[in-house]
């Protein structure tokens, strides 16, 4: 990571619709400077008299050098916070904190990487692909979503990737099905050394299972409801097996959001596994 | 009153600055239709995700027939609600309820009227003057404020009034002092039959005292913090002596805001007078 | 298909579950300018007292984040004028009127119930237990279970058998469940929750309390989580007792939240100050939400969030009381 | 002229009155990325428990109007790891650390206090009384005055004489003043108010409680009126007892509101989640506001809203407890 996160009030440079998604580009040099692929930002929503107290987290999709440095993120409207964001216009200001989180670890030597994205999860993969390619890596994409308009970045993937495989649940684009249905083939064909994945938890679990079968590492970027994004509220925890073999409830915002897939206990997300450190009636040391 | 109040979502037609004040014109035919001088509107502030729950009350300054009917109100920024309003732009929408309150009673026969306004209180007097003049009344204005930029409508008063007397506390416009310092002279010169007054409570008290000395009626429009504006919350009460001689705590929003000055117990505003109906330990019937 | 919205308070059937909250609907006449008060489930009056009351001095209200403080002090004309002028107006139009009563002693509550027992047009009596007990140095009845139960029992005894008695509780008590239980044991046919908890704000410019009365009741969406919690806890403990849920209900979604937590009816208070059509709007929105979720009857949604956890970790509910 | 911002908890002098609130500032390291934790009055730790705790399942948080619900469940590494790894980090930098402790029994609180009595760098001990008492069917200590007083007394006895013990209270009790009095009688040198009252929300789409734990603590500006009321009432009853005010403090104005109501220090919780610089900003804003009002010393503003009413009707304060 390049330095610690900062809070900035940035001006919205452009807003655009990308199929089912909205994209906002915000002038925020201090965030752009510190950016690494896999970082996210949190955004205050609702304006100065807002009843919405908690910031919303978004993966950084892109940074550009314009105006000293801009940050772009991509989102779909889910509730009132994202609805408010969808109404922002150029020249409005946005209050951002970032860059946050543990970015994607990069391979030391050139290798073959499969990048798997589900829904808006693919947003963070293109800057990653860029860095990987500049390090001499081969990049293959697997992108999926429920329907064609929710597959983010298919064109860019086709431009950048050695191969690009698309899946939709309704078959409106690429193969009918889920990314996990095609992943094994892609890994085998590309002789992949490592997989990077970002998307819904269920997808990450499936992707991890495939990678475990192949015996290759997978870096997953998880999503958990977050109140602070900076590691102080403890609301975003996931059960993760540490190097010492002990399961701990660790923060997705600062210990993650990127974890080694095999260490995340996907089946136990939303519970306290009985064998986690400090579990009720469980292990205490 | 012409029918009951309505709630409308109106489009802002124009915004303008008038010295220390902001003025907003909103398309609201249903409110404009029912308007009588002395009415007010209440406005929802802060947008859809606002933490500000209560509407803000503003006297209607003007109605015009454009776009089926527009309503204009004038305000100064006091706290967060008026700050938000000051940021509205043409084509924004505003949620209004109105027209509300008991309007100014009009004289049956032509007579001479002195209209007294303090600060933004003068905003509601021009449509009143207009109606009075159309009924053949003579209208004289007395407008005052702390400083020149806070005297609202001096030009319009000069154009409409038989005479116009201005006062400012700092002497930056008209006479140095308060409206009550000049009112007796104006009443005497014009041989006024009735006075209408709108402004801060302290001014209304002073104006009423002068009118009582002259033995002429004064209609005062009072201002009280209001949570609902439609008569259901009972937060806006003032002690008023009813026709039966009994003091009751009556609602400024629906029993007023216009009262006969001599009936308002100005000295007891902010208390429950011991002889009010239902006062603690006091009269019960 | 329209949803069957009927709601029951004891044996009394109401056409739908949306009420006004006590003290937030005026006399009914003011709201009648905006909507037909006979179309909502019930009109709940402000708390009626024996003698006329002038209430508290102004300022009586202050805005707070997503809420407001108010201290009206039960201003009203007293039960005689109410029974002669206000109740008949509601009764003539066919509104279902729930009369809220407030007193300073058990005797006063009882006298109020007696006076109302003879008055036509009373659908139910709601006992506002957030009144100071003059015989207990002004401690409010709701903070003392046995005093609350005594009030409820004597109102129940003085009220016609076919008129339900509803006990209204506030959240700022040590244990709302045990208070609810005492009220039900005392004879309450239903419970109403929540009354506004005591709050305060200080004006940092005048450096004085914002309200003349110092403290006031906190209402509006800010308190909805407290209300949902009370409704949930009491419904879990006393699943057979009808609950009127209130506290910050602004939309149909908020009303549905109360219903899923265990309320069979929902009262709308502060929302009316912002939107005088709120009751009708909320009723319409609630019906649409129930329809969209495939409910035929409101009753099927009452308390549904308590259903035994289905599969999947997100459904596991663990109800130890600590918040931390 | 700079304002003298010193604040006193018993005999301990702090350079200024702005603290973090327990459980809202992480270990200190996270916030150190944004501001120097030695520049605020004190850093208050999350509640430390004897054994490591994994806390509650997720979702642990839900947003509510101007507030949030959280149910973290005191996740933490236990007192040993805390004393070996977290406390020294704070102590080395010169931060004033107030260690919050949470237990399930009087014995556990006592053991925690004993363990900390030997640890260097403890400026004060805050006793989180909103923990369920395992010996009383999970009833939280704060809801039972005698249990609360017993905890405070035993912590006081186990703590070094020059380290103040602060009792932390929640608003959802029948009578916060009598609870405060019992804690002070039990030996508390100061009081901290308020902990987050218990709330709940139901997701109307999943038709399930939003939090895995069902209920959670309600924090943020929504509860500020409850906090100001508690601070006001307790300061009125016990004017000599230092109070750390908290609950929805987002700005210097909010901090000043607490101070005028009677708090000599102010803790910042949920605001930090929105603005990680909140403590420093609030401190600066508070100083500016005090300056603008002509105060030389913070101490002169503490409880000022209680001063006997001056002339003028707006200044008359009437403190009967009813909200209506």
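A few notes on this one:
Per-chain residue numbering starts at 1, and chain names A, B, C and D are given in the order in which the chains are listed.
The rule is short, and it goes like this: a contact is a pair of C-beta atoms (placed from the backbone, for glycine too) under 8 Å apart; a residue touches a chain by one contact, two chains touch by 3 or more.
The UniProt protein names, listed by chain, are A, B = Dihydroorotate dehydrogenase electron transfer subunit; C, D = Dihydroorotate dehydrogenase.
This one's a predicted model, so the numbers in the text were calculated from it and none came from an experiment.
Shared contact partners of subunit A and subunit B, listed by label, are C, D. Taking each chain's centre as the mean of its C-alpha atoms, the one that lies farthest from the centre of subunit D is B. Here A-C and B-C were compared by C-beta pairs in contact; the pair with more is B-C. Subunit A and subunit C have Cα centroids separated by 46 Å. Note on chain placement: the centre of subunit A and the centre of subunit D lie 35 Å apart, centres being C-alpha means. For the pair subunit C and subunit D, the distance between mean C-alpha positions equals 32 Å. Residues of subunit D found to touch two or more other chains are 23, 56-57, 59, 65-67, 70, 72, 212, 220-221, 313-314, 316. Contact with two or more other chains is made by residues 51-52, 269-271 of subunit A. Viewed as a network of touching protein chains, the structure reduces to a complete graph with every chain in contact with every other. Considering their complex, residues 4-5, 7, 44, 51-55, 97, 224-228, 230-238, 248-249, 254, 269-272, 276-280, 282, 284-285 of subunit B touch subunit C. Residues of subunit A that touch subunit C in their complex: 51, 268-271. Contact residues on subunit C toward subunit B in their complex (touch as defined above): 23-26, 30-31, 33-34, 46, 51-63, 65-68, 70, 72, 75-78, 212, 220-221, 270, 272-277. By the touch criterion given at the top, residues 23, 47, 56-57, 59, 64-67, 69-74, 102, 128, 130-132, 138-140, 143-144, 171-175, 195-202, 204, 206-209, 212-218, 220-226, 228-229, 232, 248, 253, 256-257, 260-261, 289, 293, 301, 304-305, 313-324 of subunit D touch subunit C in their complex.
Listing the residues of subunit A that touch subunit B in their complex gives 45-52, 80, 84.
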